[in-house]
Amino acid sequence: MAWILVILPLLFGSLSLILRNHRIVWVLLLFGGILHSVITLWVWIRPIEGNSLVFLDPLGMLILTVTSALFLMVVFYSIGYLKNHKERSSLTVGCLFLFLAAMSLVSVSADMGLLWVAVEATTLASAPLIYFHKNHQSLEAAWKYLLICSVGIALALMGNIFLSYAGGDSIEGLYIPDLLQNANRLDPRWLKVAFILFLVGYGTKMGLAPLHSWLPDAHSEAPSMVSALLSGSLLNCAFLGILRAFGILRLSGLEEWGGNILILFGVSSLIMAALFLIQQTDFKRMLAYSSVEHMGILALGIGVGGLAGTGALLHLINHSLAKSFMFLVAGNILVFYQTKNIDSVTGLIQKTPKTAFLWMAGFLAIAGSPPFGLFMSEWIILKGLIDSEQWVLIIVYLLALFIVFASIAKYIISMTFSDSSPTVEESKGSFRRNEPLWMWVPPFLLASVTLILGLYVPQALLSFLSAIFPGMGGI
Amino acid sequence: MSLLLALILSPLFLGIIVRTKAFFAGRKGQPLLQFYYDLVKLLRKGVVYSSSTTLVFRLSPWLALATVGTALFILPLPGYSGWISFPGDFFVLFSLLGVLRFSLVCSALDTGSSFEGMGASREMFISFLAEPALLLSFLVLAFGLEGYTLKEILSHPFSIGAGRTVALYFISVSLLIVLLAENSRIPFDDPNTHLELTMIHEVMVLDHSGPDLAGILYSSALKLWILGSLWVGISIPVRWGIFYIDVLVFLGSMGLLAVIIGIIESILARVRMIRVSHALSLATVLAGLALLWTIG
Amino acid sequence: MGILLLVGSWILLGIGTLFLWFLRNKKVTHLIGTVTVFLSSLFIFGGSLWVLIQGSPDEYYLPWNIPFGSIYLRIDFLSALFLLLLAVIGGLVALYSYGYFFEERTQRSLSRYWIFYFGLFGGISLVFTAYNGVFFLLAWEGMSITSFFLVLHEFTNKEVRKAGWIYLMATHGGTAFLLVLFGILGSDLEVWDFNMFQYPAMLATPIFLLACIGFGTKAGFMPFHVWLPEAHPAAPSPVSALMSGVMIKTGIYGLIRVISWLEGDIPLSWGILCIGLSSVTGVLGVLHALGKKDLKEILAYSSIENMGIIGMGLGIGLYGLSRSLGIGALLGFTAALFHVLHHGLLKSSLFLASGTVLHATHTRNIEELGGLWKKVPKTGTLFGLSSFGIAGLPPMSGFVGEFLLFLAVLSLSIQGKTIVDILIALIVLISLAVIGVGSVACFTRLFGVVFLGEPRKEKTVHLVEGWTWTIPLYLLGGMNLVLGIGSIGLAPLVFGAVVSTVPGIAYQTALDTVTILQQTLFPLGVLGLLFLSLTILFSRIWNWILKNRSVETSPTWDCGYTRPTSRMQYTASSFTYPILRVFRRVLHPAESFQWEGNLFPRAASYTTTLHDLILRILYRPLVRTITRIARRIHALQEGKNQVYILYIALTLILLMVIFLGEVP
Amino acid sequence: MDDILLNLVVVIILLSNIRLLNTSRIPVMIVSVAIQGWVIGSLPLVLHWERFQLTLVFITLITVTIKGVILPRLLNRSMQQAGVIREEEPFVGPTSSLLIGLFLLSLSFWITSTLRSSLPEGLSFIPVLALFTVFNGLFLIVSRKKAITQVIGYLTLENGVYAFGAALAVDHPFLVELGVLLDVWVGVFIMGIAIYHINREFDHIDTDKLSTLKH
């Protein structure tokens, strides 16, 4: 049953690669996206038991749902976006579907090996998407993405091998439920190495500093809907790998040890992101670095555990929504101004009010200020830190968040409110005022979801999240 | 009673000062009642208003008189309670002097004359330095005598306690300095100079004429009287408990104060503007010393 | 009932927002905006008045499905007092805005203004009524963000954008501290309702520090005040009026709330901390106000100074509580609340008047202004009155607060008797004296230079004094005068708010304080009346004297100088130069002196400019350092793939070495 | 007989690594990677020949063909396309590379010291070797400029990983191995394409010129 979630996009992808007519391809895209999300919903309603390879546990469900929802939004956006790039439609759509398939596989796979294969597959499926624009920069970005992530993934494979060996003869294979059950019978020495390898491997993909180096390039060069998927879903998938490993580690009594490493990565990512956001000149890179920062927050929260862990899982949802919608809006700005340079974008609010509105709202959202969901989740994490009395961490966390807020605010204000010099219209022949539906409806929907999550967090959701890891602490 | 005394005798007070100075200069000097003649003469004149002035300018003499009048309701005879007396009334007294300052400075700025502006600025400067000393010394008195009202403070200053009487001397000196500064006497200002660049108080009222000028002059005389009686109440603590004798004593000591001021004015020279701050900070330091004395 | 009225006002605001969202007509938009705010302010006024009259707090509880959150609205006396202030100022400012924004260019900017104004208005009222931590913080942030957009109203100006950014930074940073504060207070609580908060004893001092920073940023305590002198000049004047009149008071409100939660004995550090912070705030604030040349900047600094006075009141209160000198404590808190009301009324009216000046002259530099009284007499009169009041002179209400503070200090020193008490009293008193005289100097300067004398630069002044421009000023100024004289009438409300909020007050002390208040406030009122009647009397007398005299006008006497020009007037900077000169070691006013000409004097110019002390010695260097570090760090990402992979390898090796490698 | 074979394997792997380190001619590198592929591909058989299974043979065959035949051919082709046969001025010259290689070897000895004790006698050297190969691959990627040399480095890395797999996780579903093969294969395939594109875009494959995106 769970296979459908993988096979279906695979099918659609290959179809759209075969028949190259862009209209058909668009229809396929729309249909596939909707179908996938429908199936995901159905899986929620009628839970299914997995087999030795695939299953659907809460964690997987979480990632799967986020991915599927984002994909749906991206579908609407991309159909509008591809109108201007008809010739590349079939390849793009095909790769999008393969990407979706890979990500769904990641979230449903019940075997660490399969998970690993899936993560590698995401790399391969998304590389052509990053190379969408077919110019020097995008090529460079794709090349870096490919090489760095492959290296990382190779390390993760080593992690798999070590894990299987840590199991010894007692545990057959890498079936996650088995591992979780017999976690205490794993050989800690090998398990530790395995975890470090997983962390570095999947962490490269997830963009934890200092392994994040591919992330800004890829996000800034890829077409915006792809950046949205990369930042909103792919990073989560990589994080899922780490979470699986950490789950095993927790049960084998190494929680403290592993948590410290995670906290280390979280802090370093927070600081690096904050410092790199100062004096940034490219607004898509700005968003990318903010992703690094949020990944750091996730790592920190999980590492600290307790309430912070639950907060981190909530933050995962919020960040995916907010960041992807921010990337979509950035795509609009890119379409209008034909530049990613912050200084040459002026007077959004006068020229494109809807986009400006969304851009401002998105800023408030990703900078973690009310009434958006990220405020809530960041705050729960802070509460977790306070409860565990990690005063130094609290200071670092708040300071980094503040610096991030300050620098992003600076850019956003100058872009949105600066006086629009007429030269912009004159020089940019392609400057357009009208904002078609596809440009602002999907981001608007995403934004409203984040908004709701900021003002109303269902108890069901919270209990669901806090049940994911036993003893993760609820509210 | 104190109200009437002040209203009647404050110009005479000025007269005594002038006479003392004349005596020391070896002149015969003007009659003691000269200031009454001046006031009457001014009241009979007409007025000339500057073309750039506004209502504020007209308001100033009224406000000045009203302020001082209100203050006189609070001011007690040393040892007796004023007409209106309540905890912290001396703070009200000082703030009323602030009102007087406000109206005068505004009227000075209203004329748009550079000299009056300068005078206003200097007035502000001096009071800025004088105010802390004044408040501080009264805090010391209130704390030392455990009194909230002027009556309690002025009735028996020397009941402050044997060890602390030194504090009273400090305070009376610093109060004297403040008195001279606030009423722009020598060494801070020369009330009867005629070079505008050096004047402070007088230059502010250059444009007032006739009844307005009379009002201003009278109010400043009253101001001098008020501060003077405060000083007297603290520094000359002779109380018989019999009202009329106490009144006579008070008047005598006021005369004494006038003579003292006259002597000071005739033996001291006017200090430079820069040095004013030194003198006034000295007053504050003295008050501080007094505080230490009262605590320890 | 009170809550109902409040909710009604919020509903009203919501409906107004909907209208504004869909309307496209300029006039209608403007009208709807004004009317909505005015009506809802009436609602709020009624609600708070109801609570005050009925004499018992009014509350409403509804569970809310966010972590630690609940919709818990509560109007007690304290909230009611602040709500009254909000209602009065908010409504009048809205009325003023009607005239001020009448020539606004586009409908969109108008509706933007009004929607955010609704947001700010409603946000503040929520802050005053929210009784749950999360709810409060959400309202708090909503207030901050909407006010940020209001500050950005004239965003095409670069300065405005910078100011907006600084304001956003300040308010957000402050909120961060509040988050930690509530996190600590609400530890092991299911729902963060205010009435459940209690202190972990060993964290008491850090908690108060957090509160002081978090709420003090909003209130403008030094050194967290930097946003005020930036945001107030940048914002349109009505907005500055609302922000300075009410919004910064939310900081004070928060501080008082934090105080109200503590039970048992208060650490001495609280009072001392608060007093130290706020006396520095007051003195430095007034000194900066003396040195600045920008009309609204001066007003902003004077707000800071007044916050200092209020803070000193709170500090005395806290100190008195911890020394169990109840009377002094109560007097201190009462003084603080009185001063809150006073400053709210007068500062908003001053900002509104400055708005009229700006609208007429298009400059904020007071060195270029002058003689405006003759152009806008009503505004001039009210500005003069307000300056008089804000300088803390009797019989205006500003004096009542300072007087009560003085009384508090007095009773503290007399009853306390220990050296620390005396020193505290000394500090407060000295700073009170400096602030008092300083503000007199500052506002005589401001009023005199802007409205009196002759215009220093010939500017095209187009006179605007419609009734919407002047009525708010009249009402605010008048209310202030009434409060000053009839303070005895207001005292029960304020004192009730204090007694109902401040913990650990014995019944007897309360009674004694009441008697003291009666003993003092009544004579104050009498004196005020006396003063007014004397003034009127003298004016009558003068008219009678001058009835049959010659009253001529001639140019100002300039010591025989034949052609006096307006440029010969004393400038604002030289007016306060002597005072600043005393503090030049601290403030470092930048002086520049040009003097061409060798033997024979030619054109010479001398200017002094005062930059914010804290900004100069604290924030600028900090930002510079962080930026430098960031630039260094950027070198890590030079684009070479090899290097990136090197990072991965190094990370791997390091992790293995640190977390695995043990020497065999 | 058995340990002779093992020692032979060890020696070959070590030598190939060292050769990779200190040569700058790409054909030579390709050849040594191919040899390494042969040996490491045949590791499972060598290590576990006593429990002789068809599956083992099967895996070995596939691995050897891919690692030892197909990939080198691919690399050769892209080398021809790119028209480069030498790695000019690498970031780290051959001699110093050797020194660093020694350092890496000792490092991998130290890191695996805790693990080796828990291994059966015959296998105890494998972690060292494999880890060394992995580090070696990383080092090649870091220290060389040409895209193709970096691919070779990546291959070496994969070899090391595979060595681990072959040594430790042999009695395990073939998922992992298949994964390896698939991914290596596709990876290199895509990289081949990428190199082809880089070549066409920049008419060189010096990846250190690919550094326009920074900060």
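Think of it as A, B, C and D in the order they're written, each chain with its own count starting at 1.
Operating definition for what follows: contacts are C-beta pairs under 8 Å (C-beta built on N, C-alpha and C of every residue); 3 or more make two chains touch, one makes a residue touch a chain.
It should be emphasised that the depicted structure is a prediction, and the values quoted were computed from it without experimental measurement.
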item	value
Touching both chain C and chain D (chains)	A
For chain A paired with chain B, centre-to-centre distance based on mean C-alpha positions, whole Å	77
Centre-of-Cα separation between chain D and chain A, whole angstrom	31
Gap in Å, rounded to a whole number, between the CA centres of chain D and chain B	99
Mean-CA-position distance for chain C and chain A (Å)	43
For chain C, residues contacting two or more additional chains	634, 637, 641, 643, 645, 648, 656, 660
Chain D, residues touching no fewer than two other chains	114, 138, 141, 150, 207, 210-213, 215
Complete list of chain pairs which touch one another	A-C, A-D, B-C, C-D
Chain A contact footprint on chain D (complex, rising order)	114-115, 118, 134, 138, 141, 147, 150, 154, 157-158, 161, 164-165, 168-169, 172-173, 175-176, 179-180, 182-183, 186-187, 190-191, 194, 197-198, 201-202, 207, 210-213, 215
Contact footprint of chain D on chain A as seen in their complex	111, 113-114, 116-117, 120, 124, 127, 131, 136-137, 139-144, 146-147, 150-151, 153-155, 157-158, 160-162, 164-165, 173-174, 187, 189-190, 193, 216-217, 220-221, 276, 280-281, 285
For the chain C and chain A complex, residues of the former touching the latter	64-68, 108, 137-138, 141-142, 145, 152, 155-156, 158, 161, 164-165, 168-169, 172-173, 176, 179-180, 183-184, 187, 626-627, 629-631, 633-634, 636-637, 641, 643-645, 647-648, 651-652, 655-656, 659-660
Residue ranges of chain B in contact with chain C within the complex	43, 45-56, 58-59, 61-63, 65-67, 69-70, 73-74, 84-89, 91-92, 95-96, 98-99, 101-102, 105-106, 108-118, 120-122, 124-125, 127-129, 131-132, 134-136, 139, 142-143, 146, 148, 196, 206-207, 210-212, 215, 273, 277, 288, 291, 295
Residue ranges of chain C touching chain D (in the complex, touch as defined)	634, 637-643, 645-646, 648-649, 653, 656-657, 660-664
